[in-house]
Amino acid sequence: MKAGIYGAAGYTGLELIGLLNQHPEFEICFATSDNYAGQKYQGITFSTSADADASTVDLVFLCTPHGVSAPLAARSLDAGAKVVDLSADLRMKTADAYQQWYGHTHPVPALLPTPYGLPELNRPNLIRQNCIANPGCYPTTTLLGLAPLAKAKAIRAGANLIVDAKSGVSGAGRQPKVDILFSEVFGDFKPYNVGRKHRHVGEIEQELHALNPNLGTLIFSPHLIPIDRGLLATSYVPLAEGWTLENVRQIYESAYADEPLVTLLPAGETARVKEVANTNGAMISLHAATPDTVIVVSVLDNLRKGAASQAVQNANLMLNLPETMGLLI
Amino acid sequence: MKAGIYGAAGYTGLELIGLLNQHPEFEICFATSDNYAGQKYQGITFSTSADADASTVDLVFLCTPHGVSAPLAARSLDAGAKVVDLSADLRMKTADAYQQWYGHTHPVPALLPTPYGLPELNRPNLIRQNCIANPGCYPTTTLLGLAPLAKAKAIRAGANLIVDAKSGVSGAGRQPKVDILFSEVFGDFKPYNVGRKHRHVGEIEQELHALNPNLGTLIFSPHLIPIDRGLLATSYVPLAEGWTLENVRQIYESAYADEPLVTLLPAGETARVKEVANTNGAMISLHAATPDTVIVVSVLDNLRKGAASQAVQNANLMLNLPETMGLLI
Amino acid sequence: MKAGIYGAAGYTGLELIGLLNQHPEFEICFATSDNYAGQKYQGITFSTSADADASTVDLVFLCTPHGVSAPLAARSLDAGAKVVDLSADLRMKTADAYQQWYGHTHPVPALLPTPYGLPELNRPNLIRQNCIANPGCYPTTTLLGLAPLAKAKAIRAGANLIVDAKSGVSGAGRQPKVDILFSEVFGDFKPYNVGRKHRHVGEIEQELHALNPNLGTLIFSPHLIPIDRGLLATSYVPLAEGWTLENVRQIYESAYADEPLVTLLPAGETARVKEVANTNGAMISLHAATPDTVIVVSVLDNLRKGAASQAVQNANLMLNLPETMGLLI
Amino acid sequence: MKAGIYGAAGYTGLELIGLLNQHPEFEICFATSDNYAGQKYQGITFSTSADADASTVDLVFLCTPHGVSAPLAARSLDAGAKVVDLSADLRMKTADAYQQWYGHTHPVPALLPTPYGLPELNRPNLIRQNCIANPGCYPTTTLLGLAPLAKAKAIRAGANLIVDAKSGVSGAGRQPKVDILFSEVFGDFKPYNVGRKHRHVGEIEQELHALNPNLGTLIFSPHLIPIDRGLLATSYVPLAEGWTLENVRQIYESAYADEPLVTLLPAGETARVKEVANTNGAMISLHAATPDTVIVVSVLDNLRKGAASQAVQNANLMLNLPETMGLLI
């Protein structure tokens, strides 16, 4: 299979190059970066986006910024390539929701709604698709952590859902800015956009409410961890009547028993970043808080299952390859 | 004033040596460490605890482990020295509560209750005292963050209080253990003792309920940040009827307007570890979440305002020195 | 092929478990750790060393400390297993040299000399061998960097050779000690055992002088980098008459052209830790200093090419498997 | 004394603000930053450079880039202010040397030569001066380490001098660039500009040769440490006939016995970054290598004794204040 990558010199794009180089079926035909054109990474030479031709490949990965991706998706589809969009452009179901969270008109509303590429939740809608919206890193972590409870109606209807999330710095991208310089971040730890300000709030709520429309409001506080990669979400879940940690554990066991990329840790163990950094999988641990509250800790590598390896997982589904091809090492 | 330090070669003890060396009124007469006896730190030579004589000093700081501190406090008081105990031994009001959280009988129940040394909350009870329980690092951070709301009855009665806390690694002490080796912690981020397992839960609830007995259950999740020092708590507070972020801000403004060691950040700014590391102060920022929930971020250096500099602040009060002497640099 | 690992819960042993789990031909039959017996890592349950039986496997890897390894090697050979010893016990050619650098009598002098397992220098002597001494991390880095010059007699005879080396903290092992606690190392950088004190000096000189007996004295200064893994050596090489950076480059190009695990970087690029961390290869860059001096920068992952993956490379040779089987990902 | 800072929002400028805020005699009258104008740091509001008026202050600190500083120095002197230039503009003695190392014509050659502000070497020429060139961070570290030997003619004439230096990332400045982003540097360690490429080579050689014109060529290899602050130089010094580690130690003892900001460590101790980070002093340790070579390890905080606190030390001398006023805490 021939693949192209747009925006390949950001952290997500570089990660994709590494993954596709090891994938038995994909060949990278182009990897664009207007800033780095002519330079090499892992044997791949970056080209300008003008020099890339989507009609020469089976599938393109869009690692371009939101606002740029959607028009590129439309052109690539017209050229006959399948599209995995790693930006936020195709994640919201409606142009109105996009405008609400991203602050500008959707560039190509005709593309909406696009199937949401979280295979563990939405697999049947992804197979042989032509265009998929790859989820955000915070939404993937949070949704893998909460979906079994949401589907089972185990969350108290209408109650606030508190998710305290922490991400490594690569999640902030590779554009040089003062606040992600090494000397600024070293030795620090801080929250940002707490409450309901982060754009991923809209995406998480949309998907949670699709699973269970009676859920309450999401309170979401991201923090910056002084590490390069890894994302951990600590979710505080008020349980509906009749639910206990024990039957909560059972629904996670059935939800993830056959998922090769999601590991439910046994009771007594706690999910942590180091176990998933540089891997393609997510891990989840469940913890007692009070009789009516459980704590779910979910963790993954923001550049892998939170971005690039999930994009490959989606690409495998779109091209009817084994879903985890190239992802289980 | 002559001071002695027991258990001076742990992180808290080393920090105290640095602070007392700069303090205009204190002279360190002994600093004990059975492991490091004979070695020097900042001009002070460690002695064995057997060689230390509390009767030669005005005040002793106990940086010894819980279980060891209380008997040492009793002996030091008998010898005529005032005592600041930085361990947990004197923090709980009753021997029963101590047994519940620490799993063994209190070694010297006659010392209970001891005044709780959080000056911003309890100043009148600390002046000229002979014995003070220095608060834990998590409790100091959490209580400075929540006390104004608790006192004002602004927290919804009976509702769960969720505090998601994160600490630098020095909080785990200086005893060599595999899980705090550099190569274990580097690149990692993880929760531990989440829910209601951490011993500081008892201490925080005791003090919060003293301010307002109608408060609900504390859910408290500590995490380990891969940095050496700093502690940040993100508290999710359900508001009582009639309270808004605006009037919440007013009560913090009055609570801390005259507190030299606590800074309330203006709206739009966010508390972060780097601003308080290696300082003696705490910082607090307030954030909107939903109409009925505010987020309080409180932050301090776990070895300073979370331990050693708060101990000096208490010692100043006990000896009727200016409270912040040696602490405002 | 059946493999056993003694001392499997240290950093080198854990790394070996990971590598062997991915190796197409090896099956781990036992992995011993008296401290962690009964616990699991990557699907392998640690057993006590008493429960391990070398006669049940084709090859054992010894990740045990020096002093312990040699007797275990003798017993394992007697039991019919091949042996890769990752400790220092079998690296020195004579018991006298061992005594000089390790300060005690060699436990099993009959095993000396053992073939030195640096395949890029010594491949013909390793194939189908029964027992191999796996080189140290600093020696591997330094020797890969200097061997082409030493063999070509391009180093000025008798001149001091200065190697300024820097290692990640995992090189110090996993036994808990205060000086490798996270809070001690974080934010620090320091040399240790500078000059001719580090035990690896003897090993490096032995191998360099075997390539060219006219070489001068090694001055070797290791430093501790606050990262978990990676090792970089900056070597300052006085050139013999007639040598220039250009012809130096040529001998490296021929030395490493066909070595899959050693990369010579093109002129203008500089070797760095990040490119080799978590890989099985080494990288080398060459730099002009003065007309009669070149600087060689060599770099590898101390737990991989500096220990565990080199052990697998040796094991492949001993068992007549393709040398890089399981190592090129 | 009234002080102004030009270029105050870089790391050196921010550090100066902190130091001057604690200095008993200085008042900051302006701190310019065109990018951050209107924002506050430690109580000081940045102004544009256009709004700053050097005629209103006793002394200005120039934290502006090289090329910008010299004209600003000239204008400030004309306006009646004394000048400490922290850039490289005034460090070289001649415009030719400046051109050689900085690649462009000197902007104000009439200012050359300017007294070189390394008080421990050059104190008599700094008192009551109007304009001083504040040394670079690598030169300060290297010169404090080598000057006693150079002055005593203890270094073998004509022999190459090898200095392997390592710096924290703040030395690279606060302008956002990809290669100093957190995620690029985290987990890495690398040399850069090795040999004789770094601009500080010219400055170090100029000052060493002023102490002893018979010294040989400097080989200088800087490396980037993944920490925010701190600089360590490992210098390999070939000794002249008759010199030994013992008499070398004596000349360091006399050189630094009365220097409050330079500490010679006792035999057996090793200089390290952590001891000097966030302090105004330097530390030096001496180590045996071979009978004719010693190793000098020198260390300081690149933003303090390597930049801002040395600038304050110079300012104190220029204004005839006690040299260490505000610097001994």
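Should a chain be cited, it is by its letter among A, B, C and D, assigned in written order, with residues numbered from 1 in that chain.
Methods note: contacts are C-beta pairs under 8 Å (C-beta built on N, C-alpha and C of every residue); 3 or more make two chains touch, one makes a residue touch a chain.
Everything numeric here is computed off the predicted structure, so don't read it as measured data.
Peer 1: For subunit A, which other chain has the most distant CA centre?
Peer 2: For subunit A, the chain whose C-alpha mean is farthest off is D.
Peer 1: Regarding the subunit A and subunit D pair, does the interface count as same (over half of residue numbers shared) or different (under half shared)?
Peer 2: Copies use mostly the same positions to touch.
Peer 1: So how far apart, in whole Å, are subunit B and subunit D when each is placed at the average of its C-alpha atoms?
Peer 2: Spacing between the chain centres: roughly 39 Å.
Peer 1: Just curious, how far off is subunit C from subunit B if you go by their C-alpha centres, in Å?
Peer 2: 46
Peer 1: I need the residues of subunit A touching at least two other chains; which ones are they?
Peer 2: 184, 187, 226-228
Peer 1: Mind listing the subunit D positions that touch subunit A in their complex?
Peer 2: Subunit D residues touching subunit A: 11, 168-170, 174, 176-178, 180-187, 226-229.
Peer 1: In their complex, what parts of subunit D are in touch with subunit C?
Peer 2: Where subunit D meets subunit C, its residues are 160, 162, 164, 166, 184, 187-192, 194-196, 217, 219, 221, 223, 225-228, 230, 232, 234, 236, 238, 270-274, 277, 287-290, 293, 295, 297.
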